[in-house]
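Reading through the structure tokens given below for one structure.
By written order: A, B and C. Residues from 1 in each chain.
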Amino acid sequence: MLKYIIKRLLAGVLTMVVLITVAFFMMHAMPGGPFAPSEEKNVPVEVLERIAASYGLDQPVWKQYLNYWNNLLHGDLGISYKTVGTVNEKITGHFPYSARVGGLAVLFSLLIGIPMGLIAALYRGKAADLTTLALATIGISVPVFVLSLLLSYLFSSKLNWLPTYGLDTWQCYILPVICLSFNPIAYIARQTRSSMLEALEQDYIRTARAKGVRELMVVAKHALKNALTPVITYLGPLIAGLLTGSFVVESRFAIPGLGYYFVRSISDRDYTMIMGIVIFFGLFVVICNLVSDILLAIVDPRVKLAND
Amino acid sequence: MSTRVPDPDTYASLPEEMFVIGADDTGAEEIARPSTTYWHDVWQHFRRDRLAVIGLVVILLITLLCIVMPMVSPYTYDGSDYLHMNAGPSLQHPCGTDQLGRDQFIRIMYGARISLTIGFVAAAINFAIGVIYGGLAGYLGGRTDMILMRIVDILSSLPSLLYIVLIMLIFGSNMGSVILALCFTSWIGTARVVRSEVMYLKHSEYVLASRLAGASTWHLLIHHLIPNAMGPIIVSTAFLIPGAIFSEAFLSFLGIGIQAPQASWGSLANAAIPVMQMYPHLMLFPVIAICITMFSFNFIGDGLRDALDPRLKK
Amino acid sequence: MNLLEVKNLNTSFHIGVGVVQAVRGISFDVAEGESVGIVGESGSGKSVTMLSVMGLLPEYADISADSIRFDGREITKLSKKAARAMHGSEIGMIFQDPMTSLNPLFTVESQLTEPLRIHRHMNKAQARQRALELLRQVEIPNPEARLKQYPHELSGGLRQRVMIAIALACEPKMIIADEPTTALDVTIQAQILDLLQHLKQKTKASIIMITHDLGVIASMCTRIFVMYGGVICEQGSAREIFYDAKHPYTWGLLNSIPKVTGKTGEKLIPIKGTPPDMLKPPAGCPFSPRCRYCMPVCRTYMPPLTALSDTHIVACHLTHPKAPKITKGV
């Protein structure tokens, strides 16, 4: 087990190194740069060059790259070019909002998606199954930004039932969490349904029945454990999907989270912010993947073997 | 009862000629079910899936409309009608007009061109990369496979959106860079499918047979492995198209995709947000277009998956 | 006294294209302590017969029977709960593929003690004790270590031994072994057969052995049922089936087993053709399309059952007085 965890950990570190390197050189390949002379702002070239130099941008690229790593290893993501403050402050300041909404969305997705998929599988072909499949198709086909537009239009602008801004009251959470978890619920329900159906057809289910195991236990013990392994594998991508969703949802509902600031720093071309958030998101996803890998190895003893 | 056991009296009085061996020999080998080709089977199965057929018809219809309508319509995507700005749907402008008096219907049709082009082109490129990459990894195996798959693992362990955003920033906001960005990681799914199929087929006997007959690697790949791995590849490609359309709309929605005055569905929806309360039709129509297209492609994908899955056929 | 009595069992499956009539009016019985074999090709309905008796078929299976009596009880009328109480305690089952028949996510201990805890209400320690005993009984070395392992850590032969231990756990009155050796290597097959033979002598349980290989049951079973196309085409004592078979299909089966004593150069003769499509079974004898002695009557009528002795019953038109006399064909 320890060997397995170390292996996964190393893979995660490698992923981060690649991401940081790719992101760094992409940033440098970008046309213009943050302090390139522009027509709108009439700032003398020398001033711009001095500003660039103060950020170390006049040094050769490889040196900047090493500097970036050096700072990074000291936990320093640099200074925001376009707003006041360091990238670290921005991330620690805004991440909690994202975490609260995102955490609720994860919980909501699992609590709704898994039972939905289970019920659909157990009542295959019945009304509950068909309803689940229809809902899941809607959930997969309707993009998160469309949903957030429609819901905020309907419930906030038209009906005036729910607030559209900020996170001040609990009502504020309803729309963002629904928007964020809509897609994941659909995926989890579909996945649970199909893996449950597959598990129920396995020979070991017949063995369990031949042993005289109660039908409830056949489903809840023998089938469910096997059916949930693909859902655990989905936890990593689920988090990644929530990040994507958070860009839209946080912008739409004016939640001062990281997704919102990511979108803003993109339109501001605030490169250190973009880099910082990309690295932070990357790290976050790598950790989530690691956790889901370890969880999977605990549930399914074959996983460790396959990876050795 | 399908079993016909004669009653004893009838049985005893059956004529002699009923008991002559080989009297009406029609041969031992009988073909039990009419044999059909694989693709014929798949089509038959797909045809019975009503939702998938509807999806296919809708997509064909949208494709046709977005090619023909801009040619016959009196409006262009950037021509303004200053007499009718922010107008609601009417006979003249079936989907209304926007802030600059541009005909929304034609803009949605142009958006369809962009979305569908991006969807199909990105899917085609991803298909090609995925098949080649996965085919190579699976066929060569060993160390090459391990290195290729580690690369894929690293690429896929992060949300592709992070890469996509970076690529869009470097190459600027236009259709080319959207496609480029979408091709960065989307082929991974296809590559994985192809690899495992190829791995599986590599060890099957008919490939061994053709290898013994002196077939070259290239010949094997083209004539045996790829056609046999086609089912799962088609399914994963079918789902790539809505994925690409979704990503484009998403990027445009964030303001880093297709730029004005061109319009994609995502940018139309984005442009409508500030005036959403006053002129909901500006948001509604592009959003409906996106949803219908996504539904149709997902239905087609589901239909293909069911039709191509040999386990479901009996 | 008969432990199991099945009268006129019919099982069919409703699938998209039609109705598959897997079992068509089968009757048989198994005496207490007796071991019988059911032989036939894949698709002959032998496994479906036993799964129907056990009620282990999926819901889309349609099972009807005049009566199925086990140990004096009519099991077609049992409640689900009562049927469950019987499964695993009075009837133990061994399945074909030990690779897939054990749940990959649970330890041997968990799977082996499950029937003990359900039916014998043992506590954890008692069940463990009994599990160790069982593993020793099926000749698994180092049982303490094996209990903690997962199925994927065991070889095919060991897994099948675990399956047998599970079937034996509650000392059942009857054991149904559905192709217990088919998925195993030849040497392992022999070991498992030895074990079953050995256990048969030790326990007083009746054994029903389902197989496509007459060779497998030659030494184990006192009576044999030969199935083809969802019906029993011949049944009799092992001696009658091996030395005095009357049905052309049984001849075919006998000719396709290799004999140790056979003369050199003796060929194995395969049965030509494929089993019938049970979506549309032939109107007459199901074997008629492949039978080299096929007569016009065979295509029109199902052959009636003809008793040749107390135990030997055959369903073939060749037994009709007007039919040509074939002594022992190939």
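Criterion: a residue touches a chain if its C-beta (ideal position, glycine included) is under 8 Å from a C-beta of that chain, and two chains touch if they have at least 3 such contacts.
Please read all numbers here as calculations on a predicted model, not as lab measurements.
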Comparison of A-B and A-C by number of C-beta pairs in contact, larger one: A-B
Taking each chain's centre as the average of its Cα atoms, which is closest to the average over all protein Cα atoms shown? B
Centroid-based (C-alpha) most distant chain relative to subunit B: C
Separation of the C-alpha centres, subunit B versus subunit C, in whole Å, is 46
How big is the gap, in whole Å, between where the Cα atoms of subunit A centre and where those of subunit B centre? 25
Suppose each chain is reduced to the average of its Cα coordinates; what separation in Å results between subunit A and subunit C? 53
Which of the residues in subunit C come into contact with subunit A in the complex? 54, 56, 80, 84-89, 92-93, 95, 97, 100-106, 111, 114-115, 118-119, 150, 152-153, 163, 166
Subunit C contact footprint on subunit A (complex, rising order): 202-204, 206-215, 222, 225-226, 229, 299-302, 305
Listed in rising order, subunit B residues that touch subunit A in their complex are 153-154, 157-159, 161-163, 165-167, 169-170, 172, 242, 246, 249-250, 253-256, 266, 269, 273, 276-277, 280, 283, 287, 290-291, 294-295, 298-299, 302
Partner subunit B, residues of subunit C touching it in the complex: 15-17, 21, 24-25, 231, 272-274, 276-277, 279-281, 283-284, 289-290, 292-297, 299-304, 317, 320-324
Along subunit A, where are the residues that touch subunit B in the complex? 11-12, 14-15, 18-19, 22-23, 26-27, 29-31, 137, 140-143, 145-146, 149-150, 153, 157, 236, 240-241, 243-244, 247-248, 251, 263, 266-267, 269, 274, 278, 281-282, 285-286, 289
